[in-house]
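Chain nomenclature is as follows: A, B, C and D, assigned in order of appearance, with residue numbering initiated at 1 for each chain independently.
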Amino acid sequence: GTTKSSTESQNTAAPATTAGKADPNAPLKEGLKIAYLPKQLNNPYTDVEVGGGKVAVGEIKGEYKLVGPNDASASSQVSYINTLIQQQQNVIVVAANDPNAVCPSLNQARKAGVKIVTFDSDASKTCRDAFINQATTQGIGESLVKMASELAGGSGEIAILSATPNATNQNSWIKVMQTELAKPENSKLKLVKIAYGNDDDQKSFTEAQGLLQSYPNLKVIVSPTTVGIAAASRYVSASSYKGKVAITGLGLPNQMRQYVKDGTVKKFALWNPADIGYLAAYAGAALSSGQITGAQGEKFKAGKLGEYTIGADGEIVLGPPTEFTAANIDQFNF
Amino acid sequence: MADALPLLRVREVSKSFGAVAAVRDVSFDLYGGEAHALVGENGAGKSTIVKMLAGVHRPDTGSIELDGTGQDLGTPADAKAAGIAVIYQEPTLFPDLSVAENIAMGRQPLGRFKTIDRAAMVRQAAQLFARLGVSIDPNRPARGLSIADQQLVEIAKALSADARVVVMDEPTAALTGVEVERLFAVARSLRDDGAALMFISHRFEEITALCERVTIMRDGRHVSTDLLTDITVDEMVRKMVGRDLGALFPKQDVAAGAVALKVRGLSRDPVFKDVSFDVRAGEIVALAGLVGSGRSEVVQSIFGVDPRDTGTVEVVGKTLKPGSPKQAMAAGVALVPEDRRQQGLLMELSIERNVTLPRSRSLSQLGFLTGNRERREAKEWTQKLKTKYGRLSDNVGTLSGGNQQKVVLAKWLATNPKVLIVDEPTRGIDVGTKAEVHRLMSSLAADGVAVLMVSSELPEVLGMADRVLVMREGRLVAELDRSEATEESVMFAATGQEATL
Amino acid sequence: MSATESAVVSRFANWNAAIIAITVIVLIVAAASVDSFGTSQNFGFLVLDLLPIALVALPMTLVIVTGEIDLSVASTLGLSSAVMGYLWNANQPIETIIPLCLLLGAVLGAVNGFFVTVLGLPSLAVTIGTLALYRGLAFVVLGDSAVADFPTVYTDWVTGSIGGTPIPNVLIIIVVLAIVFGVILHATPIGRAVFAVGASEQAARFAGVRPGRVKFWLYVASGLISGLAGVLWTLRYSSARADNGAGLELAVVAAVLLGGVSIFGGKGALPGVIAGVVLLGSLQNALRLSDVSNEALNVVTGVLLIASVLGPNLVNRLRRT
Amino acid sequence: MTAVELPAPHRSSLDVVLRARELGIVLALGILVLVTTISNPRFLSGQSIRDILLNTAILAVLAVGQAVVVITRNIDLSVGSVLGLSAFTVGTLLQNDNLPVVLALLVGAGVGVVCGAVNGVIVRYGNVPALVVTLGTLYVYRGITYFWAGGQQINADELPAGFLDFGNATLLGVPYLVVIALLVLVITGVVLRNYRVGRELYAMGSSPQAARLAGIAVGRRTIGAFTVSGALAGLAGVLFAARFGTIDAAAGTGYELNVVAAVVVGGVAVFGGSGTVWGAALGALLLTTIGSALAVLEINQFWQQAIVGGLILLAIGADRLVAVRVAASLKKRGSHVSN
């Protein structure tokens, strides 16, 4: 019969990208219809991201549109992609809820001439033109471990509070963290548990609570998701664990300000999410205008962010994350 | 003994349900200290009158006056407040609540902070049962009470209301002689205390025993109101049906054939034990006994809707599997159950679906049903039984009680049974139809059908049966031949003592 | 009481026709006023979006007509999808996996049936329990991973259409199953038994129907079709995940009720249910194409659902007075 | 008429058996706590118990409201959405003004009253099954919240400190949220058991037709029951806001199934007429404790949901067993005419 191994060769066949040659000097088209499809609407982090996109679309005189599900499921995203195909958008900027489930639809869109830029959470690389990476996976993983190690004083138990169990970005960061922790200099740090708060505030809250109950000697909770870190901080700041357990990870300054000020959180990191959306719009426009095709080494200009070069597999890296502490947090407002 | 002024006056009330004019311009008076009978064929509109008095239905036209003032009985609460207590034709209990609570609902005795005084409530219920001479535990839930017990709780409920007008819609249909006597004793004491009673029954001996006055209805219209001293039973019947009736028990003599139903050693703890008997083709065998003696349980076990512990059932030589009505039907057994609302009918489905349900497989062609044959069959059988209905597609629930019973009969007669078991076949049926049903049973027997009839009506048992089997406390205690069966002998067997009726 | 009962019967008979008429009108209006609603490509998308609800609604209709309910369908779908992914990862041939997933669905349905008919537990409670249980098992089987790379022959068939025509392949499945369930419900002794059980279980038993057996097999059918929906879902998205189809049960129940089936059992008709499914799906599709937000879709679904039972009732009341 | 022996109006053994319904849950709870504590003593630490009670408080308030509705043979699936709407309303108000906590509670309950009354009125006057109506309003209320909130999220730092303190502060060592939940429970429990209104709700659920014939104002009571459920869901919304501090449009999504599960596990019959709010609250406590225990026992979190499902089945199965026993004992005690 047809088994996974018997189809492996045929399935990984080359993607349908037979785009022509890039013309770096082509003018940026005006009036491009650029649609944003985040993982889920009504999420403050997402709102900041697409907010940056809206600004950029304005700058290049395009038509901005935001659609999306309320439930972070791939199937609802597919319905939206189908709708966007019908509406003949030029560019779809999407954060995939499932790297494969959205693929057939994205490829259908590409067949209809729509350029696909992924951000936040990549889709399988066979079905998009470019991916805006907030920071290299390696870089984020390393910096998370570094912060944890500092906060734990070099040794002790740490735990991770992630988003959904199958969020692509989360899992790849966690993988890097695990390799980092395996290195000799981190041998005294022990990762005791990875918990999942599903990017749901309340679930994250309860999970944080469970972690502290099950691991009395826990020193640090690392939460590489803005929902998780805020919930964990809120729980700890109002509980008897305050001061004993450190929280770090990736968070939004506005959400974390209170906990940084009250001492629950010493330090956390993040890139500027608005810049992701911003960069995505320029990348999409460049693709649509024929300046780039998504091949490695091509260059394009992204407004105020300057010039970017496309890396391997169509990845465009935004830049290194910023670390926030009590000293600098008031300089940021997002 | 009656006061000069009527306590309650029904004045030219009418009520229609869609195209059906259930009650048309009916007037009569109820007097304090008097029991007033309301009689009429099935569907004559008696229960509809009751429901208007109870505030369930509002009259389309006409009025109801209490003490000379018009009443707007828009809801049952209004009627209750006006002092009208009603025992409905079908019991209306709350199965999850205790018997005491059922009786006291809405009138619970209150203690401190207006909380319910449970002890007083239970005491009240116990006193009422004492008055009725029955022992039902007031603390038990109403779920699981037999029909008779449910009816008794209903009666206790009406008594507890201390009402000035007590309306009873066939309260005795599920009761046997002893309980009926008890009920009458209580009813008479209520009447003597000045209450106005309205009593509905299809049994004339009860009406003559209890009532002073009788109103007769036909087709929703008022026919006459007379003092019972002025009218004979025959006259009443003639006025009700509008014609003379033939014999009530038209038993034909039939030579019994081979054994069609053979029951051996049937037991089910704790309901019945070691029941054995035969019914031959062409024979009508009655199963008599007091309420709760286990007759219905025996026939339900034979048919397979109830399980059995031990024993065998053979139909025309074929042994029936226990617990399989389907197989019993295939072998030619039909059971007309005693409780038509719960067991006999699908109240929210149409008449035609009800009539043809047991036969849906045999009416299908290549496994498919188009509806035409079902309609034809349903029409044929309902007409045979002279059922009164608007359209075949109407809900069976909209029919009057008696017509519903006819639908149940039609449903089972249509299966062409070899063994017909009927459980209280004429409960709630008017005299006219009763005669028809009896004639039908006779002619079925003449055609070689073996008929097993459970009945609580002695005249019916004595009039119809070739043989009478009597049950007492779950055991078959006597088998009486037609010639031996008398009221005395049957009652003696059923109670184990000299009958006092 | 019985007056309203008879009104209810005619009401449902009328509602069945009304919902079909409303659906047709909505389709026409949408095609005329919403750009690209009427395109063949959009038709394909619409059918694919409808697929799981349409399939699961068929046995659900019969289950609800017997007066029971099955809230575990979406979890059954999810478990079937998870097992499919697990087996595929374990390098089993897809030709074995698919029948196994269908069988699994049937077994899960049988478990529901066992609890409801043999133990006599209320189905609402039982299937809330198995809703959690089956979904939980799906996570146990597949955990957090998603399995992809299903053979393109299969995934393409599910998303493809009948040779050149704009008719999606999966429409064949929907139509065939709709006819099968429709005929069973409305033109066979089994269907009569289903209605009888819903109208009064005890009276049905006295008429020789075995309510337990009828319900048990309906639950098996419900599970089987949910399992099938799980397979098709997985192939459509080429992604097997434990959370596939989460929350679908309410949409299915909504569609069935919209189709005029009485939640109390004993009443309903399959054409109305199909119309209900199409109405919900096409309305959502059209509104989404007109850039109406997701929130509004929720409100529309809710209002429609209430209107579907309220409307006929009010009309009836007005007509009577 | 002959005198008969009066059956003594004593507490029959039956009552004790019926009571066993709730006893069973208590027993299950005890075993669960025992086993968990043996394997990890921290499960019984002050903080841990506090957390369980706090989480139970919200679910229990919802479950009490739901029980009232279910007892009348209805169901309210919209509670999760009402909770969300109420939480967001209160959050928005608090964002701008420093409302006193009591006022916030009233506003939340008020939002719930309106939502619940709408449910009740549609069920009553539309003569429509509650399952359909509240499934509809589940979508509608949630939609309204989304419309209003958009992507907005109200964060803890935007809420007044006094309000957040209320979520954690205690009265004689018992958190306020738990005190409120207990208050709701006791009041509702007493009304249902000892007042006419309460008994009428049971009567309606036991037999709607008979209730109408008995002169019970079925319509008004129905609206009342839904209003109570709505009010409690609204109240739970405020508790939710105080407890979690972060509110967005999705607050309480999917709660309806948990609540119904708690009520069912607590022995309230889905067909109305029987069960108590005590049972429902115990069901909520059991479900919450299971969740915590599984986390503490380090059972793979993927198993959690499956175990909860299995336990629901077990609970209703056990309940059924008791019911069958009772029915059997009733059968043996049929009446007879005494002479």
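Assume a contact is a pair of C-beta atoms (placed from the backbone, for glycine too) under 8 Å apart; a residue touches a chain by one contact, two chains touch by 3 or more.
Computed from a prediction, not measured in an experiment: that's the story for all the values here.
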| item | value |
| --- | --- |
| Taking each chain's C-alpha mean as its centre, the one farthest from chain A | B |
| Rounded Å distance between chain A and chain C, as computed from the means of their C-alpha atoms | 35 |
| CA centroid of chain B to CA centroid of chain D, Å | 43 |
| Separation of mean Cα positions, chain D and chain A [Å, integer] | 39 |
| Sequence positions of chain A contacting 2 or more other chains | 41, 70, 196 |
| Of all residues in chain C, the ones touching two or more other chains | 1, 143-144, 247, 294-295, 298 |
| All chain pairs that touch each other | A-C, A-D, B-C, B-D, C-D |
| Residues of chain A that touch chain C when the two form their complex | 1-5, 7-8, 10-12, 41, 65, 67-71, 73-75, 78-80, 82-83, 85-87, 98-104, 124, 164-166, 171, 196 |
| Touching residues on chain B, where the partner in the complex is chain D | 54-56, 75-81, 86, 88, 92-97, 100-101, 105-106, 108, 110, 114-116, 119, 122-123, 126-127, 129-131, 133-141, 143-146, 149, 152, 178-179, 182, 185, 270, 290, 292 |
| Of all residues in chain C, those that touch chain A in their complex | 35-36, 39, 41-42, 45, 49, 88-89, 91-96, 143-146, 148-155, 159, 233, 236-239, 241, 243-247, 285, 288-289, 291, 294-295, 298 |
| Chain D - residues contacting chain A, complex | 40, 42-43, 45, 47-48, 51, 55, 146, 149-153, 155-157, 164, 167-168, 244-246, 248-251, 291-292, 295-296, 298, 301 |
| Touching residues on chain D, where the partner in the complex is chain C | 75, 122, 126-129, 131-133, 135-140, 142-144, 146-147, 209, 254, 257, 260-261, 264, 269-271, 300, 302-310, 312-313, 316-317, 320 |
